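Structure provided below as structure tokens; questions to follow.
Chain lettering (A, B, C and D) follows the sequence in which the chains are written, and residue indices restart at 1 in each chain.
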Amino acid sequence: MSFWKASIERDTMGYLQFLIIILFSPLVNGMIKKLKTNMQGRVGPGVLQPYYDLLRLLKKDMVVSTTTSWLFKATPYIVFTATATAAVIVPVLSTESPYSMMGDVITLIYLLALGRFFMALGGLDAGTGFGGEGSSREMTVAILVEPMMMLALFTAAISAGSTNIVLIATVHPAAFSPSHLLALTAFIVAIVAETGRVPVDNPDTHLELTMIHEGMILEYSGRYLALMEWAHYMKQMILFTLAIDIFFPLGIAQSGNPATLAAAVAVYAAKVTGMTLLMALVESSRAKMRFFQLPSLLGGAFVLAFLSLVTHIMMGK
Amino acid sequence: MKSWIEAFSIIDFISVGILLTAVILNAFKSIESYVKSYTVNSWLLAGLIAVVAVLVGETHLYIAALLTLATKGIIIPLFLRGIVRRMRVTHEIQPYLSNSLSLAISGVLVAVVYASLKEGIFITGFSKNVLQISIAVILISLFVMITRKKALTQAIGLLFMENGLFLAGFSLTFGMPTMIELGVLFDMLMGVIILGIFAIQIKRAFASADLDKLTVLKG
Amino acid sequence: METEQLLFFCIVLFAVGALSALVPVKTFRFIPYLFSLAGSLTFLFLGLILTGITPVSYQALSSSSIFEFSLRGDALAGFFIITISLVASAVSVYSIGFTRNSVYASLSGFFINVLILSLYAVVLSANLFTFLISWETMAIASYFLVTLDRSEEASRAGLFYAVMTHIGTAFIIALFFILYRATNRMDFEGMKAGITAMPTAVKTIIFIFALIGFGTKAGIVPLHTWIPRAYTVVPPHVAALMSGLMVKMGIYGFLRISFDVLGQGPEWWGITVISVGAVSALLGILYGIIENDLKRFLAYSSVENVGIILLGIGASMMFKSNGLAALSSLALTAALFHVLNHALFKGVLFLGAGSIIHSSGTGNMEHMGGLLKRMPVTGLFFLSGALSICALPPFNGFVSEWLTYQALLLGYQSPSITAKIVSPLGGAALALTGAIAAAGFVKAFGITLLGAPRSDKSRDAEEVSFSMLAGMAILAVPCLVFGLIPGPALSLLMPAVYLLTGASTTLEHHGVLGIGQTSAALSPIGMLVTMIVMMIAVLVFIRIRGGKRKIVYADSWDCGISGLTPRMQYTATAFTKPIRIIYKRIYLPSRDIKVQYFLKPFFVKSIRYGGEITPFFERYVYEPATRFIQAVASKAKLLQSGSLNLYLAYILITLILLLIFAT
Amino acid sequence: MRVYVLFILIIPLITAVVCYNITKPRVVGYVSLGGTTALAVAASPAIALSLSGTVSALGDTFSMDALSGYIMALVILLSLASAAYSISYLEHEYDAGLTNVRGVRTYYGLFHLFIFTMLLVTMANNLAIMWIGIEATTIVSALLIGLGFHKRPLAVEAAWKYIILCTVGITFALLGTFIAYYASTAVIGTEGALNWTTLRDMAHRMNPETMKLAFIFVLVGYGTKAGLAPVHNWLPDAHSQAPSPISALLSGILLNTAFYGIMRFVSIVEPSTGSDFTGHLLILFGLISIAISAIFILVQENYKRLLAYSSIEHMGIISLGIGIGGPVGIYGALLHVLNHALSKPLMFFASGKIQSRFGTTNIANVNGVLSSMPLLGTLTFIGALSLSGTPPFNIFVSEFTVLKAGVDRGLWPVVVLFLIFVVIVFYGVLLGFGKMLFGRPGDGAAAQAEHHPGRGGASEWLANAVMIFMAVMVIALGFKVPTVIDETIRTCVQVLGAK
């Protein structure tokens, strides 16, 4: 088994590409906000606004509930770390990623789940109704999303013969098929749900009846809140990148030489912008669903994923 | 003498008599008549043993005949009379089945016996009929025990069964070794006495000798 | 053979331990647990030896001129012995503190020794007689321990458990007899040798009986119903033994019969097992998540984990029957590793639950809360257990589930379409199960240990004694270690895998788990390093950008009303309400709301909300069956009506029937 | 001709007379125990010899082979246990005013007569004498049940049913014996024609049709006494109404002595009719017994009756074993005789204690025995599990052996039915005794326990010692059948002529 040996002779780009996600994820969120407001005919804040928010929050003192335990304070760091580690796994520009031997797509999903687990606990620790409500709904949504997302990924993994993201990314440009389209659609729905966007959740509200993500982090303030938000941004960008790597990785750099890398950067930026555009479109075209209508939406997505699996096995591609 | 007995097939006559005394139980209503019929039955049995003794000419059979006469023919009937007197039982016997029906059924029982004792089971022995009759007597008296409610009636039914048993014994084996007969007779005597005691106990405990009171223990 | 003396020594240790429990002196109550600890550790040594050497048969002892006891140790037995030893030693340590001033009779010490010894005996049994004796000894000891809490409920639960397991045993006896009749041998080796000529139909019967018989013990749906009842009443330290180990004996027996003895069967066996596993995992955790009794929830979760183990086993059988030995060994590795892991984290969870119940005085989550502040160490161990069982990295549960995923994904390599479709669906089921389990343990941990205490007893709960903490530590530490460095653990179970599948793959390589067929890789240790680096980086970054900021402590935000009370917190029932609504097809919930008014309809005095679900299998399978039997029996009572005449009639009728038909 | 063999019969008679004439209720118990011990001492050499060869006395009137010795050993063993247990039982009854001096004397007198009759059965070589013995057991034990020492209406009822049913049955048995006698006389003439030893040697020459008829009558007759369904009906009443030590004797050995008669006949009948005839009948009766008892155990509300039905079940299993036949089957049956003779008396002793504590035989009114009386509770727990045929207790081993015999002969229907019924029995037994043992003692029960404090006297210790000994045996036999017993049983198997 030659992961170790192979992973030594990688170029620095391979080692550092995860920084792109950590650094630019707020920007992506800003872009989505901007596009959304523009579509709704408003001006809205600048695309850099998330950075300002984060820096401002870092400088603030924190108000912590007396009810809470050490877990409340530990949670933001754990969430951030887990998400960042997930960011390390996913190849952004180059498939020459040394971290492919650290974990595969399943690991990535479970790292995100680790973050969610602690976020939910943090929501419960303050002992308020909102926190509990947020955690409860977040975990429920996860129950609906996770199998569907997994099945979509499985289809991809099966067609690529591996769950190793790098391998999938290297194999797939050749293989594009109906089953991929179905899986992709399912995966997009999964992203919408996971990143807490309309129609599943509304990121811009604190209306207690509707909020999910915001409910959990309601008690957080200062740098804790900053870390939580930042982790959220990263998660969003990770999922975008994952979708790109798995379903249309065409253009990702297969080797370390600068030219291909430059091309990869351009292609990647374009793809991400495409994703943000899609998100903005979805958010401004759809209305928020009632919570108990979600099963029909996500269940439908599950059916899509299943169909993609079946078609792949039947058509063999 | 022997020739005379065989000529008139005395044995068959006596055994048929024994069968009749058993069948007639189904028609009787009062305990006294039960006791009477039992007495007759026992005398016939003793007579039969005596006849067999004449035929075979074994001394211990004469003894057996006397013993039977003494115990079954005299002691037990007296004992029963005593109990009947002591218990002052109502003389009516309420059977579960009507007399005619039970008579019919006892007829069926006889048929079953004749049917089941096929040829080839008993080669020797002086009378196949006697055996069938004896088994019939046993079954009929069991049937009487089934249909009658009084404790004492059941005791008498048991005694009839034993007479039938004796009949079978002699028809099959010309009588068993004396010592064994003694043992058997002794056992049965004890049995009857204890049955009597219990009958009295039941009368005391349940204020009646009716068996349908004796259904507390169930399930 | 030196292991023979070792074995004998262990048995003596447990026997002495059991007898020492009969000393009715309260201060000596800890002695039996010392013996069981010593015995378990010695057995651990024995197990390590057995995984390394060729199978050993021990001197047989004759029971009568018909049967004999004989023991045999091979790699499979060795692996299970190691698993048992780990949990048993932890439980022994825990019990020292737990039973010090508990109300339980000193007999618990006796029966715990017997139970542990019988567990070892089961895996070491070499013939069916020995196996049955050990198997039922295990059942009896656990039956007594279930009823140890002398309540009516406990006595009923115990009866239910005993009868269920006895029915299972009846199936096992039947399948043993079929095997014996076919091979004319009573020892497993002989059966294995003689099985070759057996027609597939008979093999199938045996397989199905094994699935039912051992499945009853393992608690597969729908034979799981005894598990929640029993674990609700059983003392927690025993629950750790039962859920962690005794349930695994079902798995062991199934492996021994359907892998070791039967060899390989048609593909649909494997697919059946996969489906059963998926159903058990899903229904188990679905029924579990809505339970508010901590131990009951854990009980259901062990049904779920047995399901996960069966997913692995089924995949392995499927591959084996398709001749894919390497994949088969991979799947079985996943299953066995999950056996070990589940024993560890379910053990620590039950022991933790025991401590929580011990000091909060209730098993009901609705009366707990805020315990993490009051018992931080227990809380930490419980958290590690929860993380492991939710298969979250970097704990051991994640590794075994990751392997299971890989095995299921590789199902597409098997030729038949059914297998291609079923196995990824199994993966999806696993994902769903994982998500529900995560929600369940967020509830189990969050409602009990976080927030504000919901009862006075929980308010003044305090940390438990040292030996109890030590007991939990013995299990919690391996949970993390096996998660980070799975290599050693895998090398322990690899011989067993080789024994059963005839192939073995070294997955672990310089701390990297790699699947040869797919070059999918996982490096928990690397993950940990990354996490640490990230943690340091973010701390430094925050320190630089944000400088030092102070923390202001205040009440939670109360929307401006004057002060929150613990009763305003989210309750356990409310937490799972959405799930109850979404899966109402499965739960068939029924709710009743009693509202009292000052003045209808506006001024409400009080609202009582009572909701309950329909326990499907109890209501529509078990209860009707029991009612039917009872009804028939009470009808039959008329046979003994008490009338002497009737009895005499029986004699006459019997006689006449025999005269007519028999002559 | 060994005279000392006769002591075995004489000693109990003497003891009976002596006990009846002692007027001190506290002394008489120990005297009877002494008498029984003497009996044991006197009998041991005969038993020992019988295991190796035949021991005969009074010509060949009495003759003991291994089987007789085996059964006799059981009789004496249980008589010892029961005599030891009776002391505390009767003292309790006497103190509670349930009986008087006369009652106690009568009890012990009849007790030893009872033992005498059972010994007679085991020693008789002549089938008719064996019959006399069995009939005598009926009479004596009926007195023990009905008039033993308290004349309760229910006891009288039970005794009446017992004596009527068993005498009717036994009459048929005698008829069967006559027919067998006839068959043998047809072959060898009257000399010794009823002697088991002679019959065994020329069994194959007898007329099969006749022997079939004889066997049917004997089976129904002795079957009634042995409590085989569907002619078992006296058994639950008698066992539940008799004083506990007597219930123990009835269930532990009386049934076995009756079945002993059947065994003897089987080995006489088989050679002429072929083993299928007897085998199928016995298997049929066995299965019916197991089925009926299983059903009644399931819905039983009275724990002494429950034990009685369990006796029916176990007699059914023994009959099954003999019916299946072959060395393994008969071995299992005979081993089962021993196991049942250990477990059932243990349970009756224990239930006697429970009854005297709680003052009821109703399961519903007994609670938390394990909490209030740990030792007694544990003993009952062991006994109940053993009766329900659970490993690692003795009865499982013999049941399993019988099952194995069934499998060896490929009687799958029998095996399957047996497994099903055994599970039901397990359910029923635990339903009853689990309810009594576990759970907390209710106030009523606690009050009862206060009302009848356990007397710590010597008699109490004796009774406990007996029960503990039996419980230890129950567990020990579950793991290992001692070589001597193993040898004995295998000799018996040869005596019964299994090839």
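Throughout what follows, a residue touches a chain if its C-beta (ideal position, glycine included) is under 8 Å from a C-beta of that chain, and two chains touch if they have at least 3 such contacts.
What you are looking at is a predicted structure, and each value in this text was computed from that prediction instead of being measured.
Of the two chain pairs examined here, C-D and A-C, it is A-C that is joined by more C-beta pairs in contact. With centres set at the average Cα position, the gap from subunit C to subunit D is 44 Å. Averaging Cα coordinates per chain places subunit A and subunit C 35 Å apart.
Rounded to whole angstrom units, the spacing between the C-alpha centres of subunit A and subunit B is 101.
The geometric centre of subunit B is 70 Å away from that of subunit C, both derived from CA atoms. In subunit C, 637, 640, 644, 648, 651, 655, 659, 663 are the positions where the chain touches two or more neighbouring chains simultaneously.
Residues of subunit B in contact with two or more other chains: 116, 118, 142, 145, 154, 214, 216-217, 219.
Among all residues of subunit A, none touch two or more other chains. By the definition given earlier, chain contacts exist for A-C, B-C, B-D, C-D.
Residues 126, 128-129, 131-132, 135-136, 138-139, 142-143, 146-147, 151, 153-154, 156-161, 163-164, 167-168, 171-172, 174-175, 178-179, 181-182, 185-186, 190, 194, 207, 209-210, 213, 236-237, 240-241, 296, 299-301, 305 of subunit D are the ones that touch subunit B when the two sit in their complex.
Listed in rising order, the residues of subunit C touching subunit B in the complex are 637, 640-645, 648-649, 651-652, 655-656, 659-660, 663. Those residues of subunit D lying in contact with subunit C across their complex are 160-161, 164-165, 168-169, 172, 209, 212-213, 216-217, 219-220, 224, 230-231, 233-234, 236, 277, 281, 292, 295-296, 298-299, 328, 331-332, 335, 368, 370-371, 374, 378, 381, 385, 390-392, 396-397, 400-401, 403-404, 407, 410, 415-416, 419-420, 422-424, 426-427, 430-431, 434-435, 437-440, 478-481, 486, 490.
Partner subunit C is touched in their complex by these residues of subunit A: 1, 3-4, 55, 58-71, 77, 80-82, 84-85, 88, 99-104, 106-107, 110-111, 113-114, 116-117, 120-121, 123-133, 135-137, 139-140, 142-147, 149-151, 154-155, 157-158, 161-164, 167, 218-219, 222-223, 227, 291-292, 295, 306, 309-310, 313. Subunit B meets subunit D in the complex at residues 116-118, 120-125, 135, 138, 142, 145, 151, 154, 158, 161-162, 165, 168-169, 172-174, 176, 180, 183-184, 187, 190-191, 194-195, 197-198, 201-202, 205-206, 214, 216-217, 219.
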